[in-house]
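The structures come next, written out as structure tokens.
Same chain, two partners: chain A is paired with chain B first, then with chain C.
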Partner chain A sequence: MIAAGLSYGMLSTRRRARELILPIITTATGAFLLVQVLSLAGSVRRQAASLGNGTEIYRAIVLISVVVLLVGVVEVAVCTTRTVTQRTREIGVLGATGVRRAPVVAALLVEPLVAALVGALVGSAVAVAGGFVLSATGVSSTSPDVAGTVVGVALAVGVSVVASLLTSAMPTWRAASRPPIRSLSSGG
Partner chain B sequence: MTSLIEAGEGAAAPRTDEPVVRAEHVWKLHQLGDEVVKALVDATLTVLPGEFACLMGPSGSGKSTLLNMIGGLDRPTKGTVFIDGTDTATLSESQFAALRHDTVGFIFQSYNLIPFLSAVENVELPLMFEPVNRGALRQRALDLLDLVGLSHRANHQPAKLSGGEQQRTAIARSLIGQPRLVLADEPTANLDQRTGAIVVRLLRDLCSSMSVTVVASTHDPLVAEEASRVLRMQDGRIVSNTNQSHQPEA
Partner chain C sequence: MNHATMSPVDAAVSGTSGPPGEQDTRDAEQQAAVSVMPAGSTGARLLRFAMANIARRPERFLLSVAGIALAMMAVIVVRTISVGFASSGSASLATVLDGAPLWVVPADGVHYDPSVAMLVADGSPPALQVPAGWHAHRIVNGIWASPGGKLALFGVVGAADGRAVLGSAAARALGTSAGRTITIGGHVLTVSISGTGKVVSVPGAVATSVVGTHGWWTVTPSSADRGRNDLGSLLAAASGLPWTPDPAQHPAAAGRGLIYDTTGTSNGLTFTQRFSALFSGQVTSSALGLVSTVGLVLGFVIAVSSFLASVQERRREFGIMSSIGLADEVLYFFLVESAIVFLAAYLAGALAAGVAVALVVPGLATLGGWLQAAGMVAAYLPAMAIIGALVPVHRLLQQRPVSLLTGSS
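Coming up: the complex of A and B.
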């Protein structure tokens, strides 16, 4: 039944591709910033160390990274909440026809998960490509750090996926647990 | 994987003369601030297999509330509803969902078709999450669309269907699981008179030929004309209960 839910989720994600554009863009923005900060962190830290204030700069970079991560999580949460709200009536129809809660939740988690994954990968790719192009053309004097880039991409993808699951699972579960009449009488 | 035909064969056939619906002294009260609103007052009714029962009354008379209680979309404050002999008060939400899935089909006033699915996919929807044979499911959905005269619109999305076509699709969807009971909430309310007449006769004929019991809420006299039993409601109460013999037109 869960497999059937996931299959329905893939179908709805394909058909609702246009609805994924905004979540993908917002997730990509967060991922882009995170990868940019972490890929440049090593170089900035080394330059700062040579000037004698490496620790302060390192702390500032960590703080910026955490803020970017939190902003990314909030963006993902906003998008997933929007998706659940849009699909409230659909949840009501599925509940009214007696479809069980677990496959409904599985179906509705596919879309935010795909949006988070695609957004994180697109944002990371743009950040990596942009960083290397700026460095190679001499526009930026700070070259991206491979280790920092890898950590940044891993964090961007991991945090986006986990955040999308955590922030969408609860509202989806709650929506699927409500009496169907409440979902049917809601908008969306 | 279960063959759809094997799984569903005979599911709609009445097993006994036991009522499909029996509601006993059902109340629904809503608390609105300090005020208690009586949406449903001591409603008692029995619907036998094969009947087309119509809950008739003006807006706010409690007909949709009673329909929702019967279908388990909402729970009564007091009283008991038996569906196909099962006391629904004893069921958990998931057990009630299973009962709805196996026994009840729904038709809504605003159709409630899923906008990104085609007509045939919307008909398949209640069984899409089941381990049934996909080919058999598609064929049954196409057969039902053919029965409601929409086989040529099978691949159209709801936005490209007229109101009448959407409601006929919803009728086909309600029948996909071969239910014993179809609950129709204001099935003609969003349709013009001519389309409403087509839809209600289609509903009556299909349910008659497929041995399905129908309970419909409406304020449309046309639906009441086609029904075998009319329960008039006012201020949350059933004020009259009339049997009407009706022979489907040839």
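Coming up: the complex of A and C.
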């Protein structure tokens, strides 16, 4: 049943791909910064050290990058609230035909999941490509730190997927919990 | 002006207001007359209307507040750090000048050493001629690798022998206290404590034996010249060195040195203020500043996108409003809603930033710095809230009432 919900969600996500452009861009921006900071850890660390309190400042830079990524991911959840409102009637139809709550929630969570994943991957890819271009053209003196890049990409993908699911859970759960008759008779 | 002339009428109206049941229809009518209503009651109604809309979509409100709050938190954390740097910059300058209005640095310049939180000379000071009656203090300065870690060593040439004045942090590092003795460069000195920094002040000869001849001059004018505002040019004329009131200017590498006149103000800022601004500028223009600014832009995007979503969902409602002649008034609805969102986000973000700074960078966390940073970010709030409200209203006003009413969604 959950699998059916997921494939239904996949279909509707493909149909509504245009709605996902803004959340993908904001998530990608956050992921780009995080991966960039971690892959250029060497020069960022040096800059932090020149300000004094090097370790503390570096920690603050990484934390602030994660916070900015979270800001980008919140847009995914805002987009989910929009989706849920637009699809109130559809959710009502699903409920009226006997689909249980779990598959409906699963179907609705596909969209934020895809948006966060694509956003994080696009942002990471741009950051990695940008790092290599910078070091190849000699603009940046330090070559990207491979271990840092891997950690950055993992962190970006992990944080955005988990955060998008957590923040989208509440609106989708509420929408799927409404009595079908109310969803069907609402104006939207 | 309108409000003042309306207030007696308003008093009469509220005196005759009917039972609570009639109040709702009255509200709706008076809503239409927003522009001629007295400020107090209109504000309350707008607030109630905005709260009702927020209550309709609580998740979206919470999400946009959370997004903007995170962004504000990032900015406030960075600002707090930069304020911390600015204050360490001005504290180090105050220690260096020690009340003297003029500071003569070597051609190699000076730099700030974060490990001792103090300014350190990069060369030997130039030979200096001062006008008659003025006092010049030759200060030897450098980093002393003491048994307790790095400390900033100051040597005042001509100071009394046998004494060392330690900042409390330096005393802790050396594990000593007032009245005891320490040995620096083979000299035994009696300790006294003054100030808080990682600073050790000793006689010039002792300092020279440890850190060499690097240093600078501080110059105090004669009592007759004190209070003049051309001290820099007077000293420049006597010594043949260039002078500047601008802390951002560095001495020419090929020259002999540079005189900083710290008495003047420029654009209402004192020398110390401009000097510490150089420090905070380093933070805001670093990776920290860039990342947090991008975060603020993303937070703003979230606000606008959630307002646009509510415009889309309330098309019919706005269609009814504009068909009964409410057009510009729609702006007020959004302004109030946007103000609530940004204010809530700001409060949450400022509190979170205070906690984050205290946990992550305790070395730089000060209550004053946090308050100053929160104040700086508060200055952006009105602009963000107003622009955030203007975007959806612009979108609405582009459409005819009919198309809003008949629109599919």
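Just so it is clear, the second predicted complex is superposed on the first by the 162 of 188 C-alpha atoms of A that agree within 3 Å, B and C clash if a C-alpha of one lies under 4 Å from a C-alpha of the other, contacts with A are read in each partner's own complex, and residues count from 1 in each chain.
Rule of thumb we're sticking to: a residue touches a chain if its C-beta (ideal position, glycine included) is under 8 Å from a C-beta of that chain, and two chains touch if they have at least 3 such contacts.
Quick caveat: nothing in here was measured; it's all calculated off a predicted structure.
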item: Partner chain(s) touched by A:Gly30 [first = chain B, second = chain C, both, neither]; value: second
item: Per-residue touch tally on chain A - higher for chain B or for chain C; value: C
item: Partner chain in contact with A:Leu134 - chain B first, chain C second, else both or neither; value: neither
item: Partner chain in contact with A:Val118 - chain B first, chain C second, else both or neither; value: neither
item: Partner chain in contact with A:Val126 - chain B first, chain C second, else both or neither; value: neither
item: Touching partner for A:Ala154 - first (chain B), second (chain C), both, neither; value: neither
item: Partner chain(s) touched by A:Arg82 [first = chain B, second = chain C, both, neither]; value: second
item: Partner chain in contact with A:Gly92 - chain B first, chain C second, else both or neither; value: first
item: Touched partner set for A:Leu165, first chain B, second chain C, both or neither; value: neither
item: Footprint overlap on chain A, comparing chain B with chain C; value: none
item: Contact set on chain A toward chain B in their complex; value: 1, 4-5, 8, 11-12, 15-16, 89-90, 92-101, 103-104, 107, 177, 179-181, 184
item: Chain A-touching residues of chain B, taken from the complex the two chains share; value: 68, 71, 73-75, 93-94, 97-102, 104-106, 108, 112, 114, 116-117, 125-126, 128-131, 173, 177
item: Chain C contact footprint on chain A (complex, rising order); value: 22, 26, 29-30, 33, 37, 44, 47-54, 56-57, 59-61, 63-65, 67-68, 70-72, 74-75, 77-79, 81-82, 85-86, 167, 170-171, 174, 187-188
item: Chain C - residues contacting chain A, complex; value: 57, 59-60, 63-64, 66-67, 70-71, 73-74, 77-78, 81, 85, 88, 112, 114-115, 117, 282-283, 286-288, 291-292, 294-295, 298-299, 301-302, 305-306, 309, 312-313, 316, 356, 360-364, 409
